[in-house]
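Which chain is which? They are A, B, C and D, in the order written, and residues in each are numbered from 1.
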Amino acid sequence: MVSLSAAAFWLLALTILGAALLVVMSKNIVHSVLWLIVVFLGIAGVFLMLGAKFLAAIQILVYAGAVCIMVVFGVMLTQREDMSKSNIFNKRMLTAAPVVGLLLVVSGTLAFKSVDKAPVNGGSVPTNTVEAIGELLLSKYVVPFEVAAILLLVALIGAVFLSMEVKPDADND
Amino acid sequence: MSFPLLTACLLAPLLAALIIIFLPKDESKLHKIVAVIGTFVSLAISLYVFFAYDKSIGGIQFVERINWIKDLGVTYYMGVDGLSLPMLLLTNLIGFTAVFASWNIPNRTKEFFILLLVLIAGVMGTFITQDLFIFLLFYEVVVIPIYIMVIIWGSSKRVTKEYAGMKLTIYLLIGSAFLLAAVIATFVKATQITGTPDMSFQALAQVNFPEQFQIWMFLLMLIGFGSLLSMFPFHSWSPDGYAGAPTAVSMIHAGVLKKIGGYGLIRFAVYVMPAGAAYWSPLIAVLGVAGCAYAAMGALAQKDLKYIVGYSSVSHMGYVLLGVAALSVVGVNGAVANMFAHGVMAALFFSMIGFIYERTHTRNVSDLGGLARQMPKLAVGFMMAAMASLGLPGLVSFIPEFTIFVGSFERFGLLAVVAIAGIIITALYVLRAGANTLFGTPREKYNHLKDLKGVEMVPLVVLGAVLVIGGLMPSLLFDMVDSGVAPIMSHINEYLPTAVQIGGKY
Amino acid sequence: MLTTISPMHFVVLSAALFAIGLFGAITKKNAITVLICIELMLSAVNINLVAFNMFVTPEAFIGQIFAIFVITVAAAEIGVGLAIMLTIYRNKLSVDLDDFDWMKW
Amino acid sequence: MVEFAMNHTWLVPLLPALSFLIIIFFTRPWPRLSSTVSIAFMLSSFAVATLAAYGVFTDAQFKHEPLVYAIRWFGMEGLNIDVGVLLGPSSAMMIFMVTLVASLIQIYSTGYMKGDPGYSVFFSYLSLFAASMLGLIISSNLLQLFVFWELVGLCSYLLIGFYTHKNSAREAAKKAFITTRIGDFGMLLGMLAIQIIFGTLNLYELGQIMPNFEDYTTAGMMTLIAVLLFIGPIGKSGQFPLHVWLPDAMEGPTPVSALIHAATMVVAGVYLVGRTMFLFVEVESAMYLIAVVGAFTAFFAATIAVTQREIKRILAYSTVSQLGYMMLALGVGSLTASFFHLWTHAFFKALMFLGAGSVLHALHHKADVWDMGGLIKKMPITGWTFVIGGLAIAGIPPFAGFWSKDEILLATFNEGHYLLFTLGAVTAFLTAFYIWRMIFLTFFGEEKPDNHPHESPLSMTIPLIVLAVMATVGGLIGTPMNPHWQEWIFFGESHHIVPNIPIMLVSIALAAAGIGLAYVLYIKDRNKANVKDLAIRFKPVYTLLYNKYYMDEMYLWFNHKVVDGSARMTHLFDIYVVDGIVNGLGAVTKGTGGILRYTQNGKIQSYALVFFLAVLVITILLAFNDTTSMALVLGGVSK
């Protein structure tokens, strides 16, 4: 008897991994970006499954929304040639594949070996996550929160500064 | 806690460097003035400390101690004793005059003086700290400005300045690698034995290290400090480096930086590892004597003035090593005093050579001659340095050399005779260089050259005065050194084989 | 195994996603794809964090809050990364990472 | 007054030192003022010295116990050095003599150096020189003495090289310094040994200790110390084989030659041996060595002097020869005779040098005696005073040189050194010959038409006259009839001299024979045909003598080939072996780097690949090795 949650998990897992593989494998970068959205959505589903409703929402907003749009813009601004060959592999395939594969095998093995040792304490996540997270962020984690805010600001300024059009005759000092 | 004089002394050049950073880069006059003020404050403070130090009490005075890294037992521990005070004074004398010696550098004055001031502060730091960690810290601080200054403001003669700078830096860094290994091992061992981490020299000296450990550690330190001291056969950076470096760097390097090697050898290696010192002292003596004789012969074959002085400083450091190797109060006193004397003399020498080079654009002895007619004041300075170099009594270097000879002759006998014979060769090459540069038929093409004037006289006056005062009143220096060395050497006798009295009944 | 979900499942999912992302990051020529793959890797980490949040410390929200920060940083990273890519593209007219070997010196 | 002078004898060197400072720092632009300052200080120093000497020679207690006072100079555990004054009959005599001669020479220099651009500097050097020399004399400590010893060397370096624009002056100065430096090396070793063995360098204390030296060390060690210490005087006093610098030192201005060769620097070595006589008398062989070196030097230098042509060079070799006499006297144990000769020699040799200077001054520095002749008519004062000097050095009674030389020969004879006595006697003959050869060629005979000599100014002739008087009467205080000198200046017990009439007669006869031979060869024989004939017949001997036995060439060869050669070898060794190893290590490092750099292709994805490969390896190593490290990897997951 396959429980509902197990079915959901397998479905989501297959979606995520399949889409991720397509992201990597497709030769056209626009397709990659589209498959990326699927991956992110799948991950949001996983979050929901794990009781992180707020995170799922953020995942959709930030990743599937903002990040992907930004990447699309990036693609638009940098690709001027044939899109069908915009996303090809380099010659490191042959060395990278075994390394990554082995890495996956090792971590999988470790995960299987440690399956009984996981310190599962059996509690469940409170349902109103937004309120709890909000309170924690503004009390206990206020300093990292503010730092993250500053980081975003700096990243914003930096991104603007870097991508600003530079006049060819300007003195670069 | 009273006013932190030593910290002030250390910070004055740094502060000056900081001010120069914010000055416009075209105001070279202003850079120089700020540098002069910074170094002068340090000089004044170190003079005050030198004379305010109470020799009758001895020990570490003017102490400032603040905990820094507790787990490593590192403290910001500043203090001076009779061993570090002459070195502190020397540093500031040379630092002060080096600013004047580089008065005429043509380009990038701003960067030059910033680096120079950092260099001075770094060297000073090694001498006034009583904490091993801070000592190493300052030592590493010093290396970088030197490298930059050599490759930017240096001069290429027999070797390129890039080669010279690289050689200098890599030698110093390799030396410090050996040193670092020794320091870490010593610290770990000391913590194992006592249980409480403490990086101060005094605390480490209290620890009873096993004899075998001391022997190995001392060897590492000897290589480390030795390469800094240009101990034979780790000396070849010294002539090349000095020849490539700008005047001020040569002055500071030969004058004080090298002395960190000798200072460290006494302050750290001999003090903390007396058994190791006793075990290796014959080797030190042999290397010292080899350095004396070998470098003197090397100097004899040189044609470039800076190479001559470079080799000569290797030779003089051989005397220092010989004094240390004697491991007696007399010998080590002589070694410390000789470091002071050589510092003053080498700085004067290099500053005069710098002035000659600025004017004639050559340092080749055979291209010079008869300069005494055209530049009498410069000739006086050059001659004073030369005479001090060959150990003329009445100038500061004679008594230290004599003291070293007494100390080493007592312990090594014949070996010391070889070193003493070095004084003849020294006279030969120094006089050759001096006489052939200054005397003889004056050359037409140098007739238009101007003698030293204005601020250029400062190195001559200051260093010359120290040469003479130190020569006429050696007790000024020796009483100070003695108060610092005597406690360090107080236990060494336990480790020495029974002293052989030369000329005893045999 | 198939019917009950344990933390191990999520760990393996996360590992697989991470491996795919890593593989892409190493083997793709296009710099933007590399950025995308790095996002994949970060997401894999997030899955792990949230999963352990549920199974180990459900009340304390440590994992979730950590994930929020990861998302923040990831957003900042991709913003700056794309900006850098744009600048490079403007100068070199290429986003092929194999063309960029300035790190040699 | 006298009391004050004796207790402040350090003023004697201090006053000229002050004048040096004053001239250097203040009065250098005004030559006349400088010389006045210098002479004034020198004369006041002379006054103090005279008073001190008067005090010593009127109080019989100083015959055996000198006046010593000192302060600590510097010290530490195991090495304490004092500076102070040791005032006894010898030092009192010396300071009197040196201040007198130095004053006269300074007065002379006002005339001789007139118009020289370095006038002020010259006087400052003279002052410094006098200061150093006087300091040397009154030193109470060997190290203090050594300090002044070296300062004297420095001053002589500066003075010999005074004409800085002349290459020959530069070379001569260098040679003087380095040659004496070789001597100093030995002396330094000797001093070190004394310090280490006896624990003190105070002369007076050493004098007390030395008779019991067996408590401290062995006879072999004492011999070594004595020989080492004697090397210093060999260099300083121009004894064979380190005499080569002395004739070359003539490059300096003539007053300097007078000051250095007559009164002061060169006798410093003799003075040192005299001062440390207590040490040498303990070692028979060292004494014998001194005597042999002295006698040989005397003879050797005299033979060279016979053939030399330059007036100052002849005088220089004669100085070497006379110094040999003094050493010989010391070697046979007669401090009295040695210092007596030192005293008389100072006057007549200074006189002759200054006279030679006067001649050179008049002839515009034409130095070859063969180009002179008949000068006595134009320069009567110079000429006749020079003749007095010649009589004195030749040993004609009653001039000063006779009494002292006789004393030396007598002491040698009495000690039973007959060979050395013969050498000394032959030297006396040679001395009379070559000095009078010079006098005849210079002052008598035909005048040379292209010379236009004129008598020198008063400032130069007055010192000549004073010195001539001293050269005449200076010996009378130590004649056998009137042995004041012998009562005061002696080592151990004062000698009761027994005049030995045959020896005296032999000595006079030899001197007369020398003068006579010179007269026959150079005055009687107007064309000098015999001389030329002799020179041709004994050509090898003549060439050998004229070239000073090729000693200079030997030293040059040694210096250039051996010393410079090995220096060049060292240099090459340094560049190719020591530096070669260093650069080789560098090259190996660079080569390795060159190979390894291909791993650094600059592509970030390769780096990432390597990074994760490393992660993988570390993980495998840690995770599958043992359980504890596995726990480390799994972190909190494993309990």
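Just so it is clear, a residue touches a chain if its C-beta (ideal position, glycine included) is under 8 Å from a C-beta of that chain, and two chains touch if they have at least 3 such contacts.
Being a predicted model, the structure only gives us computed values, none of them experimental.
The pair with more inter-chain C-beta contacts, choosing from C-D and A-C, is A-C.
One simple way to say how far apart two chains are is to compare their mean CA positions; for subunit C and subunit D this gives 89 Å. Averaged C-alpha coordinates give centres for subunit B and subunit C that are 56 Å from one another. Separating the centre of subunit A from that of subunit C, both taken as means of CA atoms, is a distance of 5 Å.
Computed from the mean C-alpha positions, the centre of subunit A lies at a distance of 60 Å from the centre of subunit B. Listed for subunit A are residues 90, 92, 96, 100, 103, 107, 114, 118-119, each touching two or more other chains. In subunit C, the residues that reach two or more other chains under the touch definition are 22, 26-27, 97-98. Subunit D has residues 605, 609, 612 in contact with two or more other chains. Contacting chain pairs (ordered by label): A-C, A-D, B-D, C-D.
The part of subunit C that touches subunit D in the complex is made up of residues 22, 25-27, 34, 97-98, 100-105.
Residue ranges of subunit A in contact with subunit D, taken from their complex: 90, 92, 95-96, 99-100, 102-103, 106-107, 110, 114, 117-119. Of all residues in subunit D, only 605-606, 609, 612-613, 615-616, 619-620, 623, 633-634, 636-639 touch subunit A in the complex they form. The residues of subunit C lying in touch with subunit A in their complex are 2-13, 15-17, 19-24, 26-30, 32-33, 35-37, 39-40, 43, 46-47, 50-51, 53-59, 61, 64-65, 67-69, 71-80, 82-87, 89-90, 95, 97-98.
Remark: subunit B residues 167, 170, 233, 235-237, 294, 297-298, 300-302, 328-330, 333, 370, 372-373, 387, 390, 392-394, 398-399, 402-403, 405-406, 409-410, 417, 420-421, 423-425, 427-428, 431-432, 435-436, 438-442, 474-475, 478-479, 482, 486, 501-506 touch subunit D in the complex.
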